[in-house]
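By written order: A, B, C, D and E. Residues from 1 in each chain.
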Amino acid sequence: MDQEQLSAGLSARFPGKILGVDTFPGTNGRVRFDATVASDLFRSLRDDFHFTHLTMVGATDWIDHREVFYVLWSDADRRYLILSTDLPAESPVIASAVPIWPSANAHEREAWDLVGVKFEGHPDLRRIFMPEGYAYHPLLRSFKIHEPEDLEVKVRSD
Amino acid sequence: MSGQAPETSKPLPRTTPDSTPAGDLPLAVVGQPGVPFVEIETLRAREFIPAAKEALSSLLKEQAQGKLIRPVFNWAGRNSLFPLHWGLACCAIEFAAAFGARWDAERFGVVPRSSPRQCDLLIVNGTVTWKVAHKLIALYEQMPEPKWAIAMGNCATGGGPFRTAYSVVPGVDKLIPVDVYIAGCPPRPENMLDGILRLEQLIKERGE
Amino acid sequence: MTEMWVNMGPQHPMTHGLWNLRVRIEGEIIKDVEPEMGYLHRGIEKISEDRHYNEIITLMDRTCYVAGLSWEHLFIVAAEQALHVTPPERAEYIRVMSAELQRIASHLMWYSAFVQDLGLMTPFLYGMRDRDLILDLFQSYTGGRLTYEYMRVGGVRSDLPLGFTQRCRQVVDWLMDRFVEYDQLCLSSTIFHERCDGLGVLLEPEAVAYGVTGPMLRSAGSRRDLRKDRPYSVYDQVQFDVATATTADVTGRYLVRMEEMRQSVRIVRQCLDWLDDHPGPVMADHLPRWLGAPYAPMGNESYLLKRNYPTGVGLSMIEEPHGEAGAYVVNDGGEHPYRVKFRSPVLINIWAAKRYLPGYRVADIPPIMGSVDVCVGECDR
Amino acid sequence: MSATPEESPGREEKPFLWVTRPLATAAKQFVKSLWRPSTVVYPFERLEDPKFRGEVAVASGKPIGVGEIWDNYRGVHALNINTCISCNLCAFSCPDVCIEMVTVPGGDPKHPKKCPQIDYGKCSFCGFCSDACPEGCLSMTTRYELSVHKREEMVYSPARMFEVYKSKLPMNPIRVERPANEDQILLDPPICIGCNACSRDCPTQCITMLDIAKPTAKPGEKLPKRIWKEPVINDSDCVRCGTCISVCPKDCLFWGTRQ
Amino acid sequence: MSNVSLYSVAYTLSSVLLGALAHLFPAPIHGWLISGTVVTALAAVIFAAILLLASMLNTILLIWYERKLLGRFMDRRGAMHVGYAGLLQNFADGLKLFRKDTVRPGQADPLGFWLSPTAYMVTSLVIFGLLPISTGWNGGSLPLTLLLALVIFSFAPLFIFLGAWASNNKYSLIGGMRSAAQMIAYEVPILLAVVAVVVLAGTFDLNTIVLEQRNYWFWAPLFLALIVFLTGMLAEMERIPFDLPEAEAELVEGWNTEYGGMLFAFFMLADYLRALVGSILVVLLFLGGWTLPSYVPAALTSFPLAGIVWFMVKTYLVFGLFVWVRASLPRIRTDQLLRLGWMRMVPLALLSVLLAALVVLSHCLPLIGCVPSMGG
């Protein structure tokens, strides 16, 4: 299945919700979709298009919005597919992919921990790297890294 | 249990700036970008070090006062340093390589033990994050006196390439007293052995 | 006997790094596990946003400290795609050769750690001893033992030294003999089979669903290997077989990794032959000024505005020793990447412990987790 | 469902006491290493010793050689203060920001001579600085012992690195590959005010200020306020350190390729 | 073979010492000091001191021996910089551990925590006193020495379990439970193997068992029993491949996780003492003790203390066998150990008992009816 077929098939199933399919070297393309159909799209991709592996879930903070991208792999085509959707920066919420691909679990926890994207329907959306209760999402552009000299570390009295 | 930080039950004083998120968030929350969210006060390093010194000096007074006995114990102590078997990051691989066939740190009587109760040398071989800082101090406290610590590699010495990151302790000497620093990223096994020999020299000079 | 939770980690001989495995046990039977990560989270993705492309390579070596060159390769492929740079073919061959040598070194490190988990003390030292020879090779052309800083956007740092190919052939020949010895120490021992057969079984459909990759997936009979399925660099020019097993257990993973080392030797030999016959440049002809970190990464504001460099997104997935690693690099036209995201195979492989650990005994945890090949650096990043 | 331990496909019954093969292998190694194990007795022998520099001998019972590869190791820096031109390239290229340019005696008051001071507590030994050094005065040696009692002892001043240089350790002989067509420094002539800053601060003195023709003002037009000189860069001497770009008050110099 | 016995050495030393001391005192005390009772009492003390010293020195030497041997198996050198060839390394370790703080975790049970290492150490020492090293060189020669030694030998898991429970650590507890559980796996085969020896020798007295081996060493007819006994001893000593209670990979240091300082040194020393005792038992039961085969030239057996020398050589060689096994085999699991013990070792041991009986019968076939007189 090449990019055109995929694009046509997806557009037919989700009219108006597929915002575009860009070419991306080495993959089946980069599908931009509307976040409202996320759950159905994932199910359709797995069941109808045989994208059985979910390889990567990540998020990027573009200041005015946040982009969530998924990388899928199809054993039949031996090609990757990139999904990408934009979420508003005020309420970055999208349906979780865990019911469809269990491997999304750790990836989505990581995206929540570092970029602060909420995944609805995730069974256990806790922080994965930072300790529970940490107040920030460090990979947001507004979170500035520092020079250690600025650290207010209480050095031992000795 | 070994490897577990003690539960901090009582709330401890906070020393963070005003921009702390308000409310009764858990202890680890305090802090803002650039300020560690684990307070050193909670780690009891402050009370610990004077107490340790006192214990050490009393020990030496009681047991090894004689001029004959003390050098013997000093010789024994410096020639049988058991490091804690704990791999943190990259330097742990070189730490393991130093115990491999080519360098064989056991030649100097350096045998890694897994339980901190049986160790007298903590080799911090890698990046220490704020999340693991509690455990590091707990492990150091679980080691019986006399004990020493080596900061191996740049991450332990001063944060290394990651010292600008939000989650990394810029230097393990903020948490525990360090006797010898080894530079390198990571240090070669020879460099680590050199650090251990230098520590032996240091123990000899101090006459502990 | 009542149930209890046991914390295995962060300081525990089994973990081989900083992570914590919480285990709920009843007697000696594991009921439930809960892996806890993040003790070595060093914010590499954040630091990368503040560094030049070539300076990120120094971080890559430390991200996965047992497979530094593989991770350099991973990042370089993504960065070159994002920056529209093509390296010369000789550089690609050197990269493939380095990555395969690194695969052998990483698998030897795994072997050492794994047999130590089983209680075998001697092969640990054999593995470390033989790994040192590969590190010596690395040192001869990169200058580092563990952190190489060798690959650059557009090529590699330097060409191979004189006589390198000869020496490398000697070492891999010697290693081929050692692999036989490793098998004698492990596979020929009945106790090894008693300890490892049928442990940590994760069959293929589940492995796919849980996102498990690498030797763990191939031990379940899958033939998925990105070097074959989606050849990057010059993997389509070399001949090798994909190592698989059918048992999906600890022994299967052992067999897959051993066979992979032999196949890597095969690839290394082909690369060495090619490199002997094709001298040439190892660095791209022309690079934008600001791409080279050693070459004065400078410019002022108006220069940055004047420069109009194409933007792009790079995605690379490579077959790293631990599994499939991925890098996603967003180039917004600046000197620094806008966003770098890595996929760590180890994170997912550990994550699936919820699936493959319960039901076994406490004594089985070390061999099972040892067969996963944990590298916490890349797991936590 | 995952298979239970009992029904895994790879399980087969094997005789239990069959352990002779590993015992034999261990015994073989024991006999081999009786005479000479592969250990390097470190403080007394070193891998960089000449006796280990022969062939790559790899088995125990033979010397463990690493071949003629040792010189490439990236260890402590050696600095030749005399040839350092204070171009700042090492400090700029350092990814860990561990190099600080400190003043050393030898410069004139207007242009103090600055040489790198390296904090080994931060240095990651990546070699970017020595790769970047245009004069080859900062290079990495094979010395690796760097353990100290106090954190401050890790900072190596230029004088200390000069001592390392004078100890004649083997230097890193790797030839670093650079792109064949490197970018050059170009001038945006209309903006230039001819202030001489670039020529003054150029560490290699490869910029000369040349007179240019003064245009005649048309009626009603005001000539820009400038000295009628323009920098001309001698490409063969230029080390591409970018000092001129950073001192240029009008940002009229930039990197580019000359068509 | 020399006629000097350990007790005669102690007695001579005692009488010489007391005789010298007695000259300093007036008559009544003088007479009392050189009386038989006092001399005997001091002789007993000196005897115990010599035993303690010898066992401790041997243990420390054994640790050094294992480290060097393991080093060679692993293609490295082992301890070599402290003292000549690292001979003083273990003294340094011991002194250091002696100086270190002994920490008792706050929630540990004091009695059990302190008692278990001491009891572990003491029981191991007691067995050492029971074993004959050469003719006359043993502490007590009872008719049932062998049984007594084995009984005391199998006390250890109880003390391990006590210490593990007392230190209030989950790893320790699991290790202690494993130690107690695996005991039933190896005790039965060991005893059956011993029964085979006893059938052949006809006695439980170790001295006599050694003397019974003057014609042939018992390993030749009882090879199966030797294998079973060696395997059982490995499990008894808790060494790889049967070191489940202190399995380093899953239980940090097993039952001695919480022990540090001198208590840990006690455990360590007692472990090696038990290893020494195990090797000695193998030599006594199967390898002819301090005797050498008759075809060996007399020069090799006639020098003073030759018995002890050959005995130690044999012991160290047997221990080298244990080290060899340690260097090349992985650790097995508790259930597998149980299966091994009951399904392989017990049948083998029974078979060897049968073999022993057959051997005895074959001796007696010409003169039926003299079986009761076979025993010593």
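The rule is simple: a residue touches a chain if its C-beta (ideal position, glycine included) is under 8 Å from a C-beta of that chain, and two chains touch if they have at least 3 such contacts.
On a predicted model such as this, the values are computed, not experimentally measured, just so you know.
S.K.: Between D-E and A-B, name the chain pair that shares the greater number of C-beta pairs in contact.
M.R.: Of D-E and A-B, it is A-B that has more C-beta pairs in contact.
S.K.: Among the chains, which is located farthest from subunit E on the basis of C-alpha centroids?
M.R.: Of all chains, A has its centre farthest from that of subunit E.
S.K.: When the C-alpha atoms of subunit C and subunit D are each averaged to a single point, how far apart are the two points in Å?
M.R.: 26
S.K.: Which whole number of Å gives the spacing of the CA centres of subunit B and subunit C?
M.R.: The mean C-alpha positions of subunit B and subunit C differ by 29 Å.
S.K.: Counting only Cα atoms for the centres, state how far subunit A is from subunit E in Å.
M.R.: Roughly 64 Å, centre to centre.
S.K.: Please compute the C-alpha centroid of subunit A, do the same for subunit D, then give the distance between them in whole Å.
M.R.: Each chain reduced to its C-alpha mean, subunit A and subunit D end up 38 Å apart.
S.K.: Touching at least two other chains at once: which residues of subunit E meet that condition?
M.R.: Within subunit E, residues 71, 73-77, 80, 170-171, 248, 252, 327-329 contact more than one other chain.
S.K.: When you check subunit D against every other chain, which residues touch at least two of them?
M.R.: 16-17, 19, 22, 25-26, 29, 37-39, 41, 60, 95-96, 124-125
S.K.: Could you pull out the residues of subunit A that touch at least 2 other chains?
M.R.: 129-131, 138, 143, 145
S.K.: Give every touching pair of chains, nothing left out.
M.R.: Every pair of chains in contact is listed here: A-B, A-C, B-C, B-D, B-E, C-D, C-E, D-E.
S.K.: Could you pull out which subunit D residues touch subunit E in their complex?
M.R.: 16-17, 19, 22-23, 25-27, 29-30, 32-34, 37-39, 41, 60
S.K.: Can you tell me which positions in subunit A touch subunit C when the two form their complex?
M.R.: Checking each residue of subunit A against subunit C gives 24-27, 30, 52-56, 58, 60-61, 69, 71, 75, 78-80, 82, 101-107, 110, 114, 127-131, 138-139, 143, 145.
S.K.: What residues of subunit E sit close enough to touch subunit C in their complex?
M.R.: The touching residues are 70, 73-76, 170-171, 174, 240-241, 243-244, 247-252, 326-336.
S.K.: Using the touch rule from the top, collect the residues of subunit E that touch subunit D in their complex.
M.R.: Result: residues 71-77, 80, 324-325, 327-329, 340, 344 of subunit E touch subunit D.
S.K.: Could you list, by residue number, the parts of subunit B that touch subunit E in their complex?
M.R.: Within the complex, subunit B touches subunit E at residues 1-3, 55, 59, 63-64, 72-73, 75-77, 79-80, 100-102, 104, 106-109, 113-115, 117-118, 120, 142-146.
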